[in-house]
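Chain lettering (A, B and C) follows the sequence in which the chains are written, and residue indices restart at 1 in each chain.
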Amino acid sequence: MTAMSPVLRVQGLHKSFVMHAQGHLALPVLRDVALDVSPGECLALVGPSGAGKSTLLRSLYGNYRPQGGSIRVRHRADWVELVGAEPRVTLDVRRHTMGFVSQFLRVIPRVATVDVVAEPMLRRGVSPEEARRRAEFLLHLLGIPERLWQLPPATFSGGEQQRVNIARSLIADYPVLLLDEPTASLDTANRDGVIDLIRDRREAGAAIVGIFHDVAVRDVLATRLHPVELPGAPQ
Amino acid sequence: MTAPILSAKGVTKRFGSRVACRGVSFDLWPGEVLGIVGESGSGKTTLLNCLAGRLIPDEGHVAYETASVGTVDVHQLSEARRRLLARTEWGFVHQDAREGLRMGASAGANIGERLMAIGARHYGEIRGTASDWLSRVEIDLDRLDDRPTAYSGGMRQRLQIARNLVSEPRLVFMDEPTGGLDVSVQARLLDLLRGLVDSFHLSAVLVTHDLGVARLLTHRLMVMQGGEVVEAGLTDQVLDDPQHAYTQMLVASILPV
Amino acid sequence: MPDTISSNDPSDGAYNYAYLDEQTKRMIRRAILKAVAVPGYQVPFGGREMPLPYGWGTGGIQVTAAIIGRDDTLKVIDQGADDTTNAVSIRRFFARVADVATTTRTEEATVIQTRHRVPETPLKDGQILVFQVPIPEPLRMLEPRETETRTLHALSEYGVMQVSLYESIARHGRIAKTYNYPVLVNGRYIMSPSPIPKFDNPKLDRNPALQLYGAGREKRIYAVPPHTPVKSLDFDDHPFEIERWTECCALCGSTQSFLDEMIVDDAGKRRFICSDTDYCQERQEEQRR
């Protein structure tokens, strides 16, 4: 693989939570975090539980708002700063550049599974037929039985919901992918299907940052490890 | 698009010595749904009415980017122009459907009124469009000639939405559109609204005290307390990483399901 | 004992000419001038108490009193008839207080006060038709707030009027309104033509006579100047139509006039005769000649 320049650059990132109800208690979580991710790389965040891996990942997605530092992402032909970005800028980055696979599916009542999966494509202006075709392909690949496609995922099992969520997150070819435990609550067969999908994406040049508790999964996918620890924690 | 569709600058409204909203500024971009959340009395509805030109703010401006004639100051428009905008390019969905519907007229006439107001004079076509919209908001076609007085709360609300959207507005103001409805009825309405906002590329300002509604329908949130905006941002930012004490309290008050 | 009103001679000075004082007549004339200048627009005026109850033509009678002069010839009709109590009373009232000639002949009249009809005989330049109006606001049944109806008129927001016609078709398969059928005057104001049958609506359009409308209870005056376009509202696929009868008038044989249905015996036998008594008699006399 040729060395490529990064598409995601994080520098001096600070994030603490201030709990106003607890006497304005400040909990520093990220301090001076820096990382670069290039296309074709999969950076695995490692560290003990509660070290701030999820906080970092959510900050990268613009879900959490860091107090300082910089998160720059290659968006279309430009670099976009996500720290302090306007909502519509963040939304546009999410629509076209950055995908996020979380552990939990936020269920939309009454929407058919196939439409839940197809939605990110529609938001990018892809035709409904094309979006649907791709959604069906992914659902098939992830082993969701066809009889479920027209049903809303609200009543599905945890594993099924997780796979619907993965299909939804991977349907658009995001150049940057953020994965928060993508294989949690999946059985072995389905886990392997998801690993294949993500590896394909990585090999196609996606820049990936992920949290993988399952070491076997991490070993297959990660190209680099990035340790994360709480500020002030013993080295 | 290069310009915001709605732009508020320092909007302040007082009722006597009481300040209902103070110094509210924001830009709403095309296709965005902005939620205004806060508890009762926080000034949400007053702000919404100022934005929609239904109240005149004591200070500040609201600019609207029209479809054809550039930017206008909502409160400098003549009443005729403002009302024309309100029934063509805008929609307003009231919490109480009785305020937004003609309760003495049939559903078909309620939906057709905007069309007739802008010159539609073909009964068959008006009725056809009304039927389309009735099915779009998931009301049986055999209810077309019924009056809203014979409708349930959820149906009235859906009818109100159809009545507003029939002129294909670009900007819709909604004041607690799901307030006072059963939870199951709410879910259906939310889902419908979500679909309509997407398929018509609507811009919207939505007032609600229900954070679940805000999560599902809005892209951005403004949190109001005591007439002032205390926090604003992407909806998931505000709800998942609330910064202000009041927002943290609001988010913490949601009953887990 | 002072004389009763009925024995009063206007020339004795007990009443001003045409009953109303000159100030009041001037005020009403100003309202009329404004109404003529803005066809179809309802002009408020300071209505006076008249010696007849509301609903009997207090609006029309004030308008007539304000415009009538000694040279005028007055005709009064009620539902087309010159000989009903109301028509006779008003005619006698003006003969007494305004010293005018009266007639039942449409052609001879210079001022025709009417309740609920427009004469069948075409009107001419110089004639004035005074309508008695119960509810001047055409939007009233749809919008009870006066502030709002005024705004709707001011901004030409007439969707709601069309809504009522839509409702009629949805309910009855056609526009079922048969009288007081709303019209658009001069392409601007929607106007109530008073409770005339819709049969008479086409006569309002570009009529050479001046039409004045007076509502006594609601204290409004409005007007349609001579030759002004008056369009009955409708839909492209449900165009405005007037009533038709399969019968002709049993007395004069007219097929062109508005017919009243009469039950003539206990067996329920029906006859149709002209509502316009003058028109019917003229035709009968012509046929005798």
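Criterion: a residue touches a chain if its C-beta (ideal position, glycine included) is under 8 Å from a C-beta of that chain, and two chains touch if they have at least 3 such contacts.
Source: prediction; values computed, not measured.
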Problem set entry | chain C reached from chain A - shortest hop count over touching chains | 2
Seminar exercise, completed: centroid check, CA-based, most central chain -> B
Exercise. When the C-alpha atoms of chain A and chain C are each averaged to a single point, how far apart are the two points in Å?
Worked result: 77
For this session: Would you kindly tell me how far, in whole Å, the mean C-alpha position of chain B lies from that of chain A?
Result: 32
Exercise. How many Å are there between the centre of chain B and the centre of chain C, using C-alpha atoms for each centre?
Worked result: 47
Exercise. Can you list the chain C residues touching chain B in their complex?
Worked result: 142, 151, 154-155, 157-160, 162-164, 166-167, 169-171, 234-238
Problem set entry | Complex contacts: residues of chain B adjacent to chain C | 79-80, 83-84, 87, 102, 104-106, 108-109, 112-114, 116-118, 121-124, 126-127, 144-145
Exercise. Which positions of chain A touch chain B when the two form their complex?
Worked result: 17-21, 58, 62-65, 87-88, 90-91, 106, 108-111, 122-123
Exercise. What residues of chain B sit close enough to touch chain A in their complex?
Worked result: 29, 32, 187-188, 190-191, 194, 198, 215-216, 219-220, 233-234, 236-237, 240-241, 243-245, 248-249, 252
